[in-house]
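Chain naming follows the written order as A, B, C and D, and within any one chain the residues start at number 1.
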Amino acid sequence: MTIEKLKPYLPWITLVVLVLLVGAINPSFFNPTALLQLVADIVPLFIMALGMTFAIYIGGIDLSMQQVANLVTVVATVYLAQFGVFVALICIGAGFVIGAVSGWITTRQFVPSFVATLAMGFIALSGARFLSGERALSMNAEARDASFGWMFGNTAGVPHELVIAGVLLAIAWFLQSRTTFGRALKAVGAGELAAVASGLNVDRIKIMAFALSGTFAAIAGLMFSVKLSGGDANLANGFLILAIVAVLVGGTPLTGGVGGVINTLVGTLIVVVIRSAMVYLEVDATMQQMIFGIILIIAIAMTIDRSKMRIVK
Amino acid sequence: MSTFIKDFIEKEKMNRRNFLFASAYGLGGAAALGALGPSMARAALTDPTIAWSYRNRTNPYWNEIVSGGEAFVESLGMSKDALTHLINEGSSEKSLADVKAILAKTDGNVALAIDTNDAPNARPVVESVAEAGGYVSTLWNKTDDLHPWDFGDNYVSHMSWSDEGPAEQTARILLEAMGGKGGVVHLGGIASNNPAIERLNGLKNALKDYPDVELLAAEPADWDTQKANQVMSAFLTRYGDEITGVHCANDTIAYGVLEALRAEGIEDMPIVSYDGNPQAVQLVAERKILATVFTNPHWGGGITAALAYHAAIGTFKPSEEPNEHREFYGPTIMVQPEDALEFKANYLDSVPTYDWTDFWGPSNGPIIYK
Amino acid sequence: MYQLNQVDKKFPGVHALKAVDFEIGRGEIVGLVGENGAGKSTLMKVIYGAYQADGGSITIDGKTVRFQNPRQAMDHGIGMVFQEQSLITNLTVMENIFLGFEQQFVRWGVIDWKAMAEAARHQLRKVKLDIDPATITSKLSFAQRQLVELAKVLTLEERIDGDLVILLDEPTSVLAKEEVELLFSLVRELTSRASFIFVSHRMDEVLELSDRIYVMKDGAVVDVVAHDDAKVDAIQHKMVGRDVDKEYYREQKQQPYDSDKTLVRFDSVSVAGKYKDISFDLHPGEVLCLVGTEGSGREAILRTVFGLEKPTSGTVEVKGSSFSRANAQEGVARGVGYVPRERKVEGIVNGMNVYENMTLSQMGNYASKGILRIGEEKALAKKWIERLAIKTPDVYKDCGGLSGGNQQKVVLAKWRSGGSDIILLDHPTRGLDIGAKEDVYDMIREMCDDGAGIVLVADTLEEAIGLSHTILVLKDGEFQKRFDGSPGDKPSLYDLVHHMI
Amino acid sequence: MATTETTKTIGSGFPIGRETLVKWAPLLVLIVLCAFFALMEPRFLSTRNFARILIAASPTLMVAIGVTFVIIMGSIDLSMEGAVSVCAVAFAFCFLWLGGTLASWAWLALPIAMLVGAAVGFVNGLIHVKLKIPSFMASLAMGFVGTGLALMMTGGDRIRIEDELFRSLLTERILNFPLMVYVAGIFLLIAWFIQTRTTLGRNFYAVGGGEDLAVASGLNVNRVRIMGFTLAGVFFSVGALLAVGRLGIAETATGNNFMFLSITAVVVGGTALWGGIGGVWNTLVGVLIVFVIGNGMVVIGLPGYVQDGVLGILVILAVILSTDRKSISFVK
């Protein structure tokens, strides 16, 4: 029975164990400001994972997020001078629309989200390549600082990125657990047919979930673009798999209806700890990938709650 | 934060160089002056961690770069394991995160050599290293408005290669071999990568003098052998015998092209490539490739680390060096069939021992912006 | 021959089997009855090897055996016929029959399809089913599937030399009357070769078929009755531990309905391929029962009222106007509530707790601008838990973990608390024990008293007759006959069956 | 990622045409695509071009067939990139170490590579089944491990295989098609054989059609699962061998891009991600569709930046056309 009670906390426990392990081997890991900075740096990844949580929470997946973010870095860079801070609206709108179209293709055309979002990602990539003229673009530094300088920097030692992440997390958490929409998401993830039979507009809910993941991808892309002060069609590469891994390690399985945004927070932190442990523990360059894979297996084996899964596929 | 905006407005009228310097500090300034502050003041470091941050280990080019870095570390009397490897796997996000991690771990006591994966990523990397008091030398990728001299001593140097000229030279060799007529196809790198753009421009420049040669098509092959193979196959369908020469953006692409041709039994197609990988040089010696351009990644990898290290320990003071010592082109050596074997013996089979304190000897002049 | 001695099984927090003694002789048909949660399914799982007993012993012909999995049980001649959907629908009939035992047809690593088809035909003959063994199972009717299921278990005949014990778990729940008769005669024939354990909620069938009947309650065997001594009342008394109300279907509570108002009007409605030309009116306080065999169009009519099916012709009016689009949202918005047959899939959301399930169809009532008032939700759930005596530790309990009857109560509470006054009940008492059934019947009467109209597809004909004001008999999607049933003047079973088949 | 099939057999008064149409839709899509590209550029429709498409498609076809088995079981295998890399590299090392030409003992490197593939798949299956980790995550992580292993073995170098005999896979042609196309064809037939004529192959469908029901029938589902992943690993290794044969290079990057490509191909071919439906011929058609699109777009001279988008749109259309919408209640 005690193990049953521990289950919801397994991701947290895994995180703490990992942190202690790395810290025990290399105590310099415990520098609080450095840790804070470490966490601040993964904010775009975390936002991406937050969005991915919605897609996975309803039992789907969104593979277009990385390309949406790529597109957004280009859009943000190209139109910053013209629209200033309002370029954010264009970016977020683009993410929302792409996500909604993915959702529409999945729900109304019965194309599995794995393929639908992958294909939508290709379309977004085309857009990014076209708009960027196939070049790496950089933002006008003055315009960037004037419009988005507030995204970075510190207040009372707290990096602003963390504040943004915190706000987004709070919004996502509120959406998930305090709104009819979040409740509907859970119903769709855990029992879609029952949701239909209860008169929920399931299609719209699913389309909204993908639209949300697209929106978060756009926010992540925008932040990343501002951080790097530029954009190109490949800038956000490398986000996708890590975002998925972060969600899964956090304990939101692909079956849907279980887990949530708080899990994603833990999952992202676990991924980041593993990754920076490679640097802190000076893991041999040719071994890093393999060790990442093995630790991942161990972490997932520890964090997933199998009691909600009838059949493990 | 608000002080930052105030600063920003005040400094708006300053000249651009100084402004960038200011904004570089300004963005993260509060953090630097707050908790992390003390390390900023240090002028020189003792026994800094030497780190190389690069794309991946699955590419021979980066292996050459790293071998240079390791050779340099060994020249200091350390084991080559002393070099810290930061691998970004093609992700700018990871590149930056790894840099932050190493800075945190060493508290800024680091001499970093880096290719930032994507040009926009160079600024945040340099900013964070400078802020933590470390020393960084960059290779290949940076935006045009980012300059080492805007960061005092901490941004030691940037080395790149001007590919347009050498690519034009190889293109001329190719066009000559084609007899000045026929059709040429170009298989490029990732379209947005600067070297990919420059190498295609080189070909276009050369074509101006060969009006009878048509550029049939230019497709990105993403530096990828398999993709190059498929694109070349499709070219063969579309243009067939019209193709009388192939211009490849790098050696990896050339391998894929060669195999696509081989599958068709075409053995004598003129091909040129770029990078001078050992296998490509061997192919040049066998006249399967007519020319490649050796950029000496071994030296490049070693000297980039050496610059960061020696600046860090105070061997020289970067801010006292002229600009052409802070931003410069790396060496290029044209490899053609006649000298391929000799070249291979001199540079590849036995790697020359370089003097890692001769920072600018083999370099190729200051970087020129268009 | 086959014996369980003092078998015990415990799960965390539940003592599922308490020192159960059970035996079955050669060629015997043994009935097994009990309320849901009495331990029947646990006992069966122990018998066919899905669970291992914690205590006691299992002997076959005096030899102690212990099964780690169903496979080992099969090797000892114990087979199980599951409820309808236990064939894998994307496989052929013969593959299903020999699933897990293909090796006998494999030569040099290759499956000999001809040999398998021949062997499958042999099995199908045993159950008198004349179909091509290469048919994809999804193309069969439910009744055919049930027979294939039996044929599959009967492969044990060839495989095992010794005696066979075959468990039949609710084998008749999807069968029409004549199909049930066919099944029973088959079972009786087969007693020359096998013994049967027969589990069913239909007491009459158990009584008819079984030589002896085991009655279970709370994980223990409370009585063993011989066929000749068996009386429904007595057995039910043992099962429930109290007398079953004589007025089982609450006929005395049946009130006349208000024929002046119309909730739902069907005017010559057809859905292509499902049913055609159906007309009826549903009035407040009326229980309208659709009677027919599986596939007669009953469910499709329910789904049309709810908005899940779009009529191809005719008009459907719900509260005076027709739907503009066929979807459930509009149905729910007009006060239609749907209690589906697949309770665990469509009724409740497994993974959501009690209050979340109760407000799922009416979240708008418990939210301001999309933000939920969770406190009110919990209060609602508490109220209905009390009102319907739902057995749950608290409102946070995952509905997937409740018993069938309590799940059904949650579903009914969901609609009633939301003010639905057109309630569609599809097999509302399916799989429920007697006590829970009575609760459902009470609720149906209460809803009628509150002015709700109910369209019912009942689990049994008796239920249909007992509960309804109006009965429509359907056959192959066509209307046959309408019966009015006021208390004391109800149609007989025979009347209905006559028009059904 | 999962759906439920509504099992409504009653009143299925649909014309017979629809089911057949959906079944053949992927092939129709393929033919329409070929016709379209041929119309735009007649040279597309030449034997030599088809040979080129098949050369490019062969390794992916092998990988896609491997993952088809796993998908039929209702699971998914994302380890192909790592598996292909590690098989290619292991093959190259053994091959060179044993003599460097097929005419010597080095031919042993072929079965060794397949063993390596089987081992990767086996471990993958074990992790999935024994640790009860959903296959999506288990195989994804296993892919990292595979790539990492390949990287560790090569240190990042590429290994050239120059042996003319081995390279005859690419250079020798029978009836205008190189040997590797025939090798792929033979393995396709083997896969078809496994799918239709062996117990294991049929059990994949049983597991995909209803796992709990298969368990209740006495099927050792765990064993079937592990065998499925192992078999997938073997096909990944064949894909690796063909990839090495095509380019003469074995490296850590040999496995790149196989993951999304092969799964897209499987789905486009009409095999359902939720298991139980489809098979190796579907996968063949799916792989051909994907590669015909890729080749065709370059052949008709579509600008590079448009190609990704067009691929995306065509993939969506192909899947829509080959989905039996009436039999599905929802898709995730």
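Here are a few things to note about the model shown:
Just so it is clear, contacts are C-beta pairs under 8 Å (C-beta built on N, C-alpha and C of every residue); 3 or more make two chains touch, one makes a residue touch a chain.
Note that this is a predicted model, so its numbers are computed, not measured.
Annotation of subunit A and subunit C: jointly contacted by D, touch as defined at the top.
More C-beta pairs touch across one of A-B and B-D than the other; that pair is A-B.
Averaging Cα atoms per chain gives one point for each, and the point farthest from that of subunit D is the centre of C.
Look at where the CA atoms of subunit A average out and do the same for subunit B: the two points lie 31 Å apart. Taking each chain's centre as the average of its CA atoms, subunit B and subunit D sit 36 Å apart. Note on chain placement: the centre of subunit A and the centre of subunit D lie 29 Å apart, centres being C-alpha means. One finds 70 Å separating the Cα centroids of subunit B and subunit C. Taken residue by residue, subunit B touches two or more other chains at 57, 191, 220, whereas all remaining positions touch fewer. Of all residues in subunit D, those that touch two or more other chains are 4, 151, 155-156, 304-305. Residues of subunit A in contact with at least two other chains: 129, 134, 193, 196, 286, 288-289.
Applying the touch criterion to all chain pairs gives A-B, A-C, A-D, B-D, C-D. Interface residues of subunit A, counted against subunit D in their complex, comprise 58-61, 63, 105-107, 109-116, 118-123, 125-127, 129-130, 134, 192-193, 196, 202, 206, 241, 244-245, 248, 253-256, 286-294, 296-297, 300-301, 304, 306, 309-313.
Against subunit A, the residues of subunit C that register as touching in their complex are 12, 306, 308, 327-329, 331-333, 338, 340, 342, 345-352, 356, 359-361, 363-364, 367, 370-372, 374, 414.
Subunit D makes touch with subunit B in their complex at residues 41, 43-44, 46, 48-49, 51-53, 55-56, 151, 154-158, 160, 167, 170-171, 178, 243, 246-249, 251-253, 256-257, 294-295, 298-301, 304-305. Subunit B makes touch with subunit A in their complex at residues 1, 4-5, 8, 12, 19-20, 23, 26-31, 34-36, 57, 66, 81, 84-94, 96-98, 100-107, 118-121, 123-124, 143-145, 190-194, 197, 220. The part of subunit A that touches subunit C in the complex is made up of residues 1, 4, 178-181, 183-184, 186-187, 189-191, 193-201, 257-258, 308.
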